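Following: one structure in structure tokens, then a few remarks.
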Amino acid sequence: MIEFVEVTKQYPGSKVPALNNVSLQIQRGEFVFLVGSSGAGKSTMLRLLFREYLPSSGNILFLGRDSAKMRPRELLKHRRRIGMVFQDFRLLKQKTVFENVAFALEVVGRSPQEIRLEVPIALAEVGLLDRAKAFPGELSGGEQQRVGIARAIVRKPTIILADEPTGNVDPENAWQLMELFTQINRTGTTVIIATHASDVVDRLRKRVIALEKGRIVRDEKRGVYGYES
Amino acid sequence: MIEFVEVTKQYPGSKVPALNNVSLQIQRGEFVFLVGSSGAGKSTMLRLLFREYLPSSGNILFLGRDSAKMRPRELLKHRRRIGMVFQDFRLLKQKTVFENVAFALEVVGRSPQEIRLEVPIALAEVGLLDRAKAFPGELSGGEQQRVGIARAIVRKPTIILADEPTGNVDPENAWQLMELFTQINRTGTTVIIATHASDVVDRLRKRVIALEKGRIVRDEKRGVYGYES
Amino acid sequence: MRRNFWLAMVTASMIAVSIAIFGVFLLLSVNVGQVMQNIAGNVEIAVFLEDRADTNSVLSAIKGLSGVAEYTFVSREQGLLDFGQTLGEKDLFLVLAGENNPLPNMFRVRTLDATLVPAMADALRKVRGVEAVDYGEDLVAQLLNMTRWLNSMFLAISLFLGLGAMLLIVTIIRLSVMARQEEIGVMKYLGASNWYIRLPFILEGATMGLLGSLIATLSLGAVYFRLTSNLQNGVLPFLFRPVTEVAALWPIFAFLLLLGFFLGIIGSLLSVRKYLREVRRTA
Amino acid sequence: MRRNFWLAMVTASMIAVSIAIFGVFLLLSVNVGQVMQNIAGNVEIAVFLEDRADTNSVLSAIKGLSGVAEYTFVSREQGLLDFGQTLGEKDLFLVLAGENNPLPNMFRVRTLDATLVPAMADALRKVRGVEAVDYGEDLVAQLLNMTRWLNSMFLAISLFLGLGAMLLIVTIIRLSVMARQEEIGVMKYLGASNWYIRLPFILEGATMGLLGSLIATLSLGAVYFRLTSNLQNGVLPFLFRPVTEVAALWPIFAFLLLLGFFLGIIGSLLSVRKYLREVRRTA
């Protein structure tokens, strides 16, 4: 489904590449943890997948299609297939929690009935149904993060890209959210999560891709967070 | 040094108080972890300490002085004593990493020489000396978080309030940062950290104040994150 | 929401101000043009005949010239009467009647175009039986000069202001779009089509533009008609009477209205474009 | 940085435009005021004497009236000469000389103030030996009416625009401060004193205000002097000559300059204030 072919991403103005000659394949329906220390290139990789950026060299293929060659309509379709959880949330301050989640549906032209039905379900899944009328500025950090997750899953995407989705959440909540992701994964959705939650990674035993300074240093089918195990 | 007397904080428009009748004392030089699930009131407590908000009822005393009675000059002095790490970083996008950290010194009128000396030390302590010229937008999530920490410690404050300072950072980096905080604490600085990093809390064995729905449910001298231990 | 509304009001009023100023100078230019036409249509060449000249031969000479719009014969008796009337003391001139009449017979000639006057006067001087030709050389030359100068200045100013207004409007809309830059980014990432993102901005721009120019044209129109009706019945000599026919003015007001409307739309399109752009390989 | 610079330029040019417009109407108002003064200073009452009237007794009657600024005696001979000159045909009137002269002796009287004219005319009519009094009732009344109306309209517009300009400037500065709202918040949390935070905004506001009003006054001045020097040598009747003395104009330009400067400062202070406020117990 997804293929990186010798992908290098060098940000303009920086000397070392954020991703360095990375090649990998991810099949439809896989559950992948992206791990690595701060600045290793995890977010960069997700942003390339999302086609927020294009690689400096190399190619990224989605269903055999080169991301660099996507035309505007294809790009739309591509982004609509993806549910993205941003590391910095990217919620709209002027919209309520409900509206923020509903926005993901409105934007692709879903009907008001569907929106009234789907949004509460997504909010309930992240445990925020009672905060639906609040604005992001009135939420705690972890609550905002969970709104971002609700927004990503509400469209029932075929791929979920989640960047540090449990960084602001207590371990118990983190477990529940991971539970949610594995559950969504079981319905056939590809899930790729960049995370530092070592205990979660260690216990779930999913595919782990470890990055270090922009290179893949480990790619294991049933991996763990660190080298220790 | 710090005393909460039956403090309740109810945000306007919300039905349940974020902090509910909280009383506690923190002595000079203590190292305190604030734990609790998402939305328990940790950030609220830190913001009250920082006097970003005033309590809805009850009193907060700093060195015997009521926060509600602080006059503008006192408030300035109060904030200058505190090094605050915000959960959402609050870096200035148009300033470089160096300038962001230097800003904390400029604002209190430190000399350019001092700034040139102190800023690199702080940046080195969070491991970001080589990213000094980058803008926040060019940093990874964890790197931004560490800039926020460098900015909080560069002024050598008498109190450090850190809200989830390791949420976007890998476990190894998290340990180094906690090491940094304990080291600063050893020089007499009061450190109060709101965190979800259960393993760190469990291993350091410092004072732990656990919140649940705005109430203190546990306050132990050498506590752990969860109830299990 | 409230902030956006406030911003939109500011934008609309800025558009109103810019368009009103632009309109003021357009109206000034139109009026100066009118003055020029008035002058052109009112320059008369007075052709004084010799005492014993053959009126008919002079008449046919005048008819033979090209560029003549109109001519009237004024007998010396009629001339004296007119003169007396102009001075308002009729009986004063009775003594001058008959043999005492010091005035000659004359023709008044109007040309099709004020610029033809000097050449025409020269031609008439050469006609047999014409004693003198007079058309107030200095006055005509000065008036034409001044109005030409004013007209080109007002046109230049209104072009300049029109351009300025355009830039201003685009800039303000850009500010308002900038304030919602984050929102656009999020929409883009959620897979909204470019038209979906643009539409509200275009609607907003069009509304603000139309609202602004409506305010501008209405208040401009009100002030203009109030002003001109006062001047019309006032003391200005005929030449300087302002343009008041609705037929001549409505295209200007319609133009201003459409201008605001389209500027609003174009401004929005231009402002949003930047944030819709996808990244290139380099970035 | 670059974005702030651009925003500052926009602000400065907006200030320039607002102040220039305000200035245009101030200048218009000043000029209309001047026209009113001209009229006041030029209304003449023509006092025609009876053929056998005692000139000296009329003279002392005129001297006895209050509000008289100036008077001249015009003998019937002088009157005929003047009249001939006005019409441009001197010899035509030689026949009217001596016994044939139909004109009476007269005085020309000027009042201190145009508004005194009607009452003065009535008083003069009652003087023994005065046959008729004339001062072009309609013309004066109309002119005064019109200029009074224009003057109050221009003043109203310029006050209105001045207020509008103030709001505009404050609004734009507020937008620019809003764009840096986050920065202000961070500064506050870092313990910067309020003056430390305000200062750059005040400097920026003052610079933009001064720059904007400098542009405005310079271009306004250039256009105005260009325009008036052309009109001065032009065809406008004396009454409508524009004000050109630098002594009368510099206070206006200085006022506009200071206006921009202070509006910049006040706008900044007002705009920043909101973000400096600390929270109350309720929030």
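Chains here go by letter, A, B, C and D, matching the order in which they are written, and residues are numbered from 1 within each.
FYI, a contact is a pair of C-beta atoms (placed from the backbone, for glycine too) under 8 Å apart; a residue touches a chain by one contact, two chains touch by 3 or more.
Please read these numbers as outputs of a predicted model, since none were measured by experiment.
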Inset, instruction - Please find the path from subunit C to subunit D through touching chains that uses the fewest steps, and give that number. - result: 1
Legend entry - Any chain that touches subunit C and subunit B: A, D
Legend entry - Chain whose Cα centroid lies at the greatest distance from that of subunit D: A
Legend entry - Centroid distance [mean C-alpha coordinates] between subunit D and subunit B, Å: 64
Inset, instruction - Indicate the whole-number Å distance between the mean C-alpha point of subunit A and the mean C-alpha point of subunit B. - result: 28
Legend entry - Centre distance in Å when subunit A and subunit D are each reduced to the mean of their C-alpha atoms: 68
Inset, instruction - Chain touch graph shape: choose line, ring, star, complete or other and state it. - result: ring
Inset, instruction - State which pairs of chains touch, listing all of them. - result: A-B, A-C, B-D, C-D
Legend entry - subunit D residues touching subunit B - in the complex, by the definition given at the top: 1, 3-4, 182-183, 185-187, 189-194, 196, 278-283
Legend entry - Footprint of subunit C on subunit D - complex, ascending: 7, 10, 13-14, 17-18, 21, 89, 92, 95-96, 100, 102, 139, 142-143, 146, 149-150, 153, 157, 164, 168, 171, 175, 178-179, 223, 227, 230-231, 234-235
Legend entry - Complex contacts: residues of subunit A adjacent to subunit C: 12, 50, 52-56, 68, 72, 75-77, 79-80, 82, 84, 86, 90-94, 103-104, 107-108, 151
Inset, instruction - State the interface residues of subunit B toward subunit A in the complex, per the touch definition above. - result: 11, 13-14, 35-39, 42-43, 87-88, 134, 138-143, 146, 163-164, 167-174, 196, 198-199, 225-226
